[in-house]
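After this come two complexes, each holding subunit A, first together with subunit B and then together with subunit C.
And now, the complex of A and B:
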């Protein structure tokens, strides 16, 4: 199934990507051929298979212990912008 | 002979006998790197100073008779998508251009605990998305067997560094073939472990239900030795299997090249798929060697292989779109300098920071997960994943291992496939189903094609049965003259 320009813009918005950006000139065309490739899966008839969870699988839990965390300063070293012991971002509430 | 030309197991024996030192080995590897790196460009970051210090410490331990492991003092390169404390980890992306991890990945910690010497961070496709290492933001790694050709990908730097003799061992990650395909193109051994065998804590996630870290080497014994170091349960990775199942720490000492009576299945579908004559003939030569050694080889059928590629791209891209949501310009990495409000900061940082292939995959992943398409793609993909898994499991009731080509062709030229994403995706046709099924597989050299380019063979095993494929690999290695294949670094 073909993917429309409007759909691409919608998906880009969901993915927080700029669909007016340079790479999207060719990316829209690429999406057509990629979606056509993954669409070949539709030929496969899996109606006999039940969509169920495999109950033989067991969850692996570890005990709920408090362990030491990373020092704040060390983590903040990688932040593009920081202030008062936290990462800083543009104002979101007036 | 220069030290860089030896395999890790040979170097290990020489260290024990005190015939050489870890420092001399590291120096020889760096000298080789100085000679060839301008042509190969396998590394994003070199760790020379620290590596030489670590080598000196290894020499102290070996001198005192307190070596940490059989690989103490052996150099190794780490793919640049695994966190190394204090060493820049970029994932070959602009978005992590300045990221210095505050911790070590579990694999890196195990490597350090074993006394191994980390020489640097190897180039790869951006976020491990690609089959040629051409999507790296930083450089194009060349195939040491012909520098006009790609090394494969995504772990192209890990494979090329080992093939060029820059280092005897490296680690990479494999989501759909990213260890095995570059191994095949570069003429080295690459092992994709059973899902759950090697911790992914500190591996920058691409597709969490498929990603596995594994070794690159120039011999089967070396691969087994490095597997012994990196395998094992880790409470920090919730998908990590219990040690009793993984069988860590014992592969090298249990190596046994006896394949008499081994049942080997040849899935006929894998020899279609556009596999070239030169690849077919090298792979069939491996088959005849196994027959000569007393293995029972017979044809099997794995019909669902043609759906493995769409299933792989649906599941891996869906998971990638979710995993890569964390790169938003807030906590670490690249932040756009020009934005208007918080959402614009996210959008600009991501659009300027991610390359084209990453944006394609994030778009595909978001699309298949979006309302209205979820059932047709993602849910159907998951069902098909179970069907593929079942098909392998049925096949393994009749055979001990499955033998296939790794790639349809030998290494291709730069730019040959990068213009057409679907053509690039087809590179993974023989490897993706192994990740979908979660089973282990080895790629190893089995012949030479036109221009003396390496051809690989893939040995696929049952869940947690790495020993069988390692043993079979050893048997084949002994019959071929392709062990420890150090490339001349040339233009064909």
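And now, the complex of A and C:
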């Protein structure tokens, strides 16, 4: 599978990476070889396999019980900016 | 050419579990900012989600109530996107293996039966809340709502008008409240919906290009948004234009919508199975035990009220659509009260008391046992209907035993023959002229005498008994 510049730009956009400045120009070949390596998986013949979910481990549940939450100052400790008990971010209205 | 709207809905309902879907933080609404938060729901690295079993049960309840197939195996998936209210940068949801599929919702639109197919119901976590009023260029994030459990119900494009959409949404709301799995508080955002609208020439089998509308917070808002979008698309097509596939945001104040995202920047969510969560297996036994716990649903109640109790359809509907009323009626009926009589009280005097006070039935002091006792007292003639209404008002406001209230207010109706007879005799003595008039054939004089007897008894005499005895004595 060929990795085009357009695809790199799309992925960069999804990951909110800045694609300006030619940083990604050299990436095409690198990603090509990474994807090619993963592509070797395609050589496996899985036609006899059904789409299945591994059920050897399943149904790990908790019961619906409220335990105490974290103190707010602990939760906000790593927030770069905070105000009035909330994490403060640049205004985004969609 | 006439165009026909084709509408599909995506309805989100918050489940009323005590704790969140993947952690033990409280899921309750309205906590102080960022006080229902822990490393799991705030997306701290290294924390691990563990699924709340009740969420699965509640979703299966809704699945069974909407005729869905319950998946024996379902899988949680990550839906990736960046937004400040989503601290992990992915929402844990379900993708190709949802919990419930292939459902059908049967309801009525203006008395006509209607069926809408449900594509799926899946479980997922809610996002946090952005508070914009802080300052002009900053928003504050409150993570309290992060991880509150949701079910998302997705319909097939089977809805053909805004009226059908509204009836569908109301039916879903009633069902959620019957199943006791959602608070259904619209003002708190317990139920939210996105609408997909396209139009096509009437009679056509093809679908037109679909536009998704977001930010619809009320059912009446959904009606306005759909009507607006249908006429926007229809006008566009009439003028020879084409509808673009896009997401538009509805503004319920300006009553218009505008482009949020075009097809080019359509979201690419890159779903994949969440490796932190194991598959969910719902066995037949589990499904059956949930099915057994399901309450009787509105449509079946409606049929029972009309068929078994002979309640007029319009009244039966008003009862069945409201879970607390229906529960109240059913309890009264079990206690031996006449269902029709109870219905008349529920929709008459009790509804008026509710309107005046803004109280739900369960917030009032009135209990099924209390109403039944009151009806019994009225039925046996111990108090008059008018006195009964007074007692009802007191019980509604303060609760209490009708017998004690009647005693306290002195509302007992006098039905004893001797007692009433002595009053009548006194009245006859004092009103010789009216008695003479009556004997000459003047009927109004009889009414006057009854009035005098009632007055003499301070309104406590049973009017029927007075009537009967007075006639006996005079004739």
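We take it that the second predicted complex is superposed on the first by the 83 of 94 C-alpha atoms of A that agree within 3 Å, B and C clash if a C-alpha of one lies under 4 Å from a C-alpha of the other, contacts with A are read in each partner's own complex, and residues count from 1 in each chain.
FYI, a contact is a pair of C-beta atoms (placed from the backbone, for glycine too) under 8 Å apart; a residue touches a chain by one contact, two chains touch by 3 or more.
All figures in this text were calculated on a predicted structure; none of them were measured in a lab.
Novice: Which of the two partners, first being subunit B and second being subunit C, lies in contact with A:9: first, second, both, or neither?
Specialist: A:9 sits against neither subunit B nor subunit C.
Novice: So, does A:55 touch the first partner subunit B, the second partner subunit C, both, or neither?
Specialist: second
Novice: Counting residues of subunit A in contact, which comes out ahead: subunit B or subunit C?
Specialist: Comparing subunit B with subunit C, the partner touching more subunit A residues is B.
Novice: Once the structures are superposed on A, label A:75 by its partner contacts, choosing first (subunit B), second (subunit C), both or neither.
Specialist: After superposition on chain A, A:75 lies in contact with both partners, subunit B and subunit C.
Novice: Applying the touch criterion given at the start, work out whether A:87 contacts subunit B, subunit C, both or neither, answering first, second, both or neither.
Specialist: both
Novice: List the residues of subunit A that touch subunit B in one complex and subunit C in the other.
Specialist: Shared contact residues on subunit A (touching subunit B in one complex, subunit C in the other): 10, 14, 16, 54, 60, 62, 70, 75, 87, 89-90, 92.
Novice: Using the touch definition up top, name the residues of subunit B that touch subunit A in the complex.
Specialist: 98-100, 102-103, 235, 238-240, 242, 304, 306-307, 309-311, 313-314, 321, 325, 328-335, 339, 341-343, 345-348, 350-351, 354-356, 359-360, 362-368, 370, 376-377, 379-384, 386-387, 420-422, 425
Novice: Please give the residue numbers of subunit C that touch subunit A in the complex, ascending.
Specialist: Within the complex, subunit C contacts subunit A at residues 17-19, 24-27, 32-39, 42, 50-54, 56, 73, 75, 80, 82-84, 97, 130-132, 134, 136-143, 249, 260, 268, 270, 277-281.
Novice: Tell me, which parts of subunit A touch subunit C in their complex?
Specialist: Spelled out, the residues of subunit A in touch with subunit C are 10, 14, 16, 53-55, 57-67, 69-70, 72, 75-76, 83-94.
Novice: Which residues of subunit A touch subunit B in their complex?
Specialist: Residue positions touching the partner: 3, 7-8, 10-12, 14-18, 21, 23-24, 26-27, 30-31, 33-35, 37-42, 44, 46, 49, 51, 54, 60, 62, 70, 74-75, 77-81, 87, 89-90, 92.
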